[in-house]
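What follows is a pair of complexes built around subunit A, which joins subunit B in one and subunit C in the other.
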Partner chain A sequence: MTVDAVYLLQLTLNGIALGLIYALIAVGLSLIFGVMEIINFAHGELLMLGAYAMTFALPVMGLLYWPSLAVAIITIMLVGLVIYEVLLTRLKPDEFERAILITLGLSIIIIHVMQYLFTATPRMVDTQYGFEGIEIGSIRLTFTRIIGAGAALAAFGGLYLVLRYTQFGRAMRAIAQNREAALMVGIRPRVVARNAVVLAAGLCGLAGAAISPIQLVTPYMGQFLIFKAFALVIIGGLGNIPGAIVAALGLGLIESWIGGFFEIVWQEGAVFVIMIAVLFLRPDGLFKRGGMRVG
Partner chain B sequence: MSAILDVTDLRKSYAGVHALDGVSFAVEAGSVTGLIGPNGSGKSTAIDCISGFQKRDGGRIVLAGKDISGQAAHHIARAGLMRTFQTVRIYERLNLRDNLAIAAQQFDAATWVDELLRTRRYRQAVEKAETRALELVELIGLKRYWEAETGILSYGQKKLVALAAALMPHPKIVVLDEPVAGVNPSRIREIEVALAELNRAGETFLIVEHNVEFITNLCHRVIVLDQGRKLAEGTAQEIHTDARVLEAYLGMTPEMAEAEMRGAA
Partner chain C sequence: MKLAAALLAALAFAALPLLTSSNYIIGIGISALIFTVAAAALNLVYGFTGLLSFAQLGFWGIGGYVTALTVVTFGGNFWWGLVWAALINALVALAIGYPTLRTNRHAFVIVTLTFALLVTLIARDWVDLTRGPLGIPNLPRPSAFGYHFGTTPQFYWVTWAFSVAMLAFLYALCSSRIGRTLIAIKQNEPLVRAQGISPMPYKLSAFAISAAVTGAAGGVYAFHLGIIDPLFLDFYYMQTFLIIVIIGGAGSFWGVVAAGVALSALPEALRFSADFRMIIYGVILVVAMFVMPSGVAGWLRERELNRMREQLR
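For the complex of A and B:
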């Protein structure tokens, strides 16, 4: 079998775009884990809600991409705020199992409410860019993919700056590294946790909105993503944000390459094979001593 | 002088054991007060309850005229009582500057909107916090580690970082849990000098410590706990000659204690 270089490059670019979407979700999960020590299993549904928000915002905004993206992100941040204030704020740091059940339950409820309201029929999303794109030789990239990838990169840059250079970010890192020490100097745990959830929800809303013109939008689109994202967070080392980003990009590439050359079934299983291998070989994840963790 | 911290009838039991059986004491503003006692006497439990790190069963804790009994740790910290821990708790993957910035309640004046827009209010908060941080870093002699991750520091230096962090927001009182336990003897004297200097500058300390020499040199008053009760209270001199204290805590005769005192002085 000869590998066509152009085909491989196309797969690689698709893989990077996919990996960035995974990274947005995994980073949010990692952030919430770092600060609250819980895994938010409703995180995939935030992505789905972001995609739906985009489907409703676009017609209202006359198909303009950027304002709709902003509306979707802000909407999901508000959803995150409500989820925190109503449910997560009642959890204590040592209630890991309760947190799993509550967020898992919430995820199922959101899926079914969305299905009840908007049916399970997949929706297509059209933007001002339609299917326009750029062509380099015989490689074709749509603008929606390029913008999605660019927005994800910008979001990571922004997150880095927030965590590194703001008091708001420092407090998150402090709680993640040493909860008691942080409380003893007056860091308010609820405020920090709320900020982390809202920020993570915003990243997820961005992921959903960016993915909506590329994929069909259905109530179930987030369901499998959460398990993949969870696997990525473990592979990257729990609470390790750069680790999660690297793992997510790696997975996007691997999935894209596998999908290009093998049966599609292998694509979906790859991440879990890797996760299990990593858990046996390096129980703390690939990047135990990551440069900058949440904390 | 007036009491900045007033503890009345503090009680705490674990599974039927009275760790604290009605302890009362006061700390004068501007003083250094020692809290000593044999292992299991309840001194660590006492400061854990005072700082909100553990829930107390009963008793009243008043900080500068304000009742802080039963409040959460971060509320107590914001009310002006900061503490350190016996085992150092700092953020080892953050640099020294950030370690101190986290403790800086100076930032409270600015909201996240101020922070995002870098308003004057925010810049002033940063300036205030940085000034204080640099002043403290100078004092603890770690200025050259300003941008370094604190994980690389020695144990004694980490203790100093924790001390500086506790002092960041100009607290009303700082509670130190065994500040020199496990610290290299050559460094103990440095910590002692730093604390004495801070006290001269007006800081109030409550110190739990086993090192008798350290306590004797620093403390204006010493409170002795034994089996969850206050056994004695007085100046270091008085405590050293108190027969009950010697028996319960030091396990020495008065003659042995006198010899020790001479060595310490």
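For the complex of A and C:
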């Protein structure tokens, strides 16, 4: 089989775009795990809500992309805040299974309420950019994809700066590294946990809003993405943010390449095979966790 | 006392087809029995051993598909299908359990969940084997010793015998020394190690046995439905098993069995639409985790302990 260079480049670009979406979700999961030691099962539903928020905001905003994106992100941050204040704040430390079951229940409720209200019919949205794009040789990229990828990269950059240089981010890393010591120097774990959940929700809202013009919006869109994000968090090392980003980009590329040459069942199975292999070779993930490292 | 009550309940259940001729009610009876078995198997890993496993859904699906394929594609009979379902599931459980149980419980939960969703994707995408979304329709009802269990009441007896045998097996296991070791592992693993017991073989076998039982239960259920397609792996089933275990009381054998029978009948009796039923299940799950995290059985035990404390005062 001869490998067509243009085809390969197209697959690579698609893989990077896919990987960035995975990374946005996985980073949020890692952030929440690092600070609260829980896995948020409703994380995929935050993404779905972000996509719906974008779908409803765009017509109101006259199809303008950026204001709608901002509305979607802020909405999901508020949803994250409500989830934290109503449910997660009642959890005591070291209640991992209970946290999973609560967020699982929440995810069921969100999916089916959305389906009840807006039906399972897939929705499409149009933005001010429509299907315009740029062409490089015979490769065509739509603006919505480029902006989505750019926004994801900007979000990672921003997250890095926040975690590294602000008091807000330092407190998060401190809690992740050593809970007791952080308490002793006067960091309030509840405030930090709330910030982490809201921040992670914002990243998820961004991911949902960015993919809503690219793919169909349905109540179930979060479920398929979240299970890969869970696997990525394991592969990258639980609570390890750069690890999650690297693993996400790697998986996006691998899936895209496999999908281009093999049957779809291999594409879907790849993540699981990689995860089991990583657990065999390095039980703590590819990039072993040491507190919450950002660089 | 408990055993006598359980025996009476089992006999009462056996009499169901004599009391009603409605296939609808008998169908609910079949679901109740099968779901109870699957929930009791989940209770073995989650309630007793303390490992929250979402892989049960995958085992349930593999069991259904293996049994169906044994009969339809490979020309075997239903009973061998169940045996294969149990064996293959036990092997799969060992293969994913070994690397995963070496890590922490966080990783275990996530890997089992990913496994369950992977099985769904394979059922949908490996069209050559599973026939994809079309599924395998017209699964024939089984027969044994020249007797054909063709109608729903006749199939009910098969289900009843299967469920009673599986529950008896699980009860024997849970109330034995092995069951007590599993509880000890859940409560304090370092202490178990200090007693010179290696937890790994216990955890692995609990996971594998639970997988085998769940797989066989899935096989029986697929033949009750008469068709298997990727919807057989709907997350709804996993949620049902989980809610039964949590409401019944994780770690309490009879609590989970009672909740299995009650909760399988309840949604049918109340006749909700599918979406609405899922919303209610979600609300039940969230509320139960806050109000009584150890289920009805745990709540009753707590009350009795309090009463005894009062008396001692």
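Just so it is clear, the second predicted complex is superposed on the first by the 289 of 295 C-alpha atoms of A that agree within 3 Å, B and C clash if a C-alpha of one lies under 4 Å from a C-alpha of the other, contacts with A are read in each partner's own complex, and residues count from 1 in each chain.
In the analysis below, a residue touches a chain if its C-beta (ideal position, glycine included) is under 8 Å from a C-beta of that chain, and two chains touch if they have at least 3 such contacts.
Quick caveat: nothing in here was measured; it's all calculated off a predicted structure.
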Which of subunit B and subunit C A:E135 touches, first, second, both or neither: neither
Partner chain in contact with A:I109 - subunit B first, subunit C second, else both or neither: second
Touching partner for A:F96 - first (subunit B), second (subunit C), both, neither: second
Comparison of subunit B and subunit C by subunit A residues contacted: C
Partner chain(s) touched by A:F280 [first = subunit B, second = subunit C, both, neither]: second
Which superposed partner A:A181 touches (first subunit B, second subunit C, both, neither): first
Set of subunit A residues, in rising order, touched by both subunit B and subunit C: none
Residue ranges of subunit A in contact with subunit C within the complex: 33, 37, 39, 87, 90, 96-98, 100-102, 104-109, 111-113, 115-116, 223, 227, 230-231, 233-234, 238, 263-265, 268-269, 271-272, 275-276, 279-280, 283-284
Contact set on subunit C toward subunit A in their complex: 46, 52, 96, 99-100, 102-103, 105-107, 109-111, 113-115, 117-118, 121-122, 125-126, 235, 239, 242, 246, 275-276, 278-279, 281-286, 289-290, 293
List of subunit A residues in touch with subunit B within their complex: 166-168, 170-171, 173-174, 177-178, 180-189, 195, 292-293, 295
Contact footprint of subunit A on subunit B as seen in their complex: 51, 53, 72-74, 77-78, 82-83, 85, 89-94, 98, 101-105, 107, 110, 112, 115, 162, 165-166, 168-169
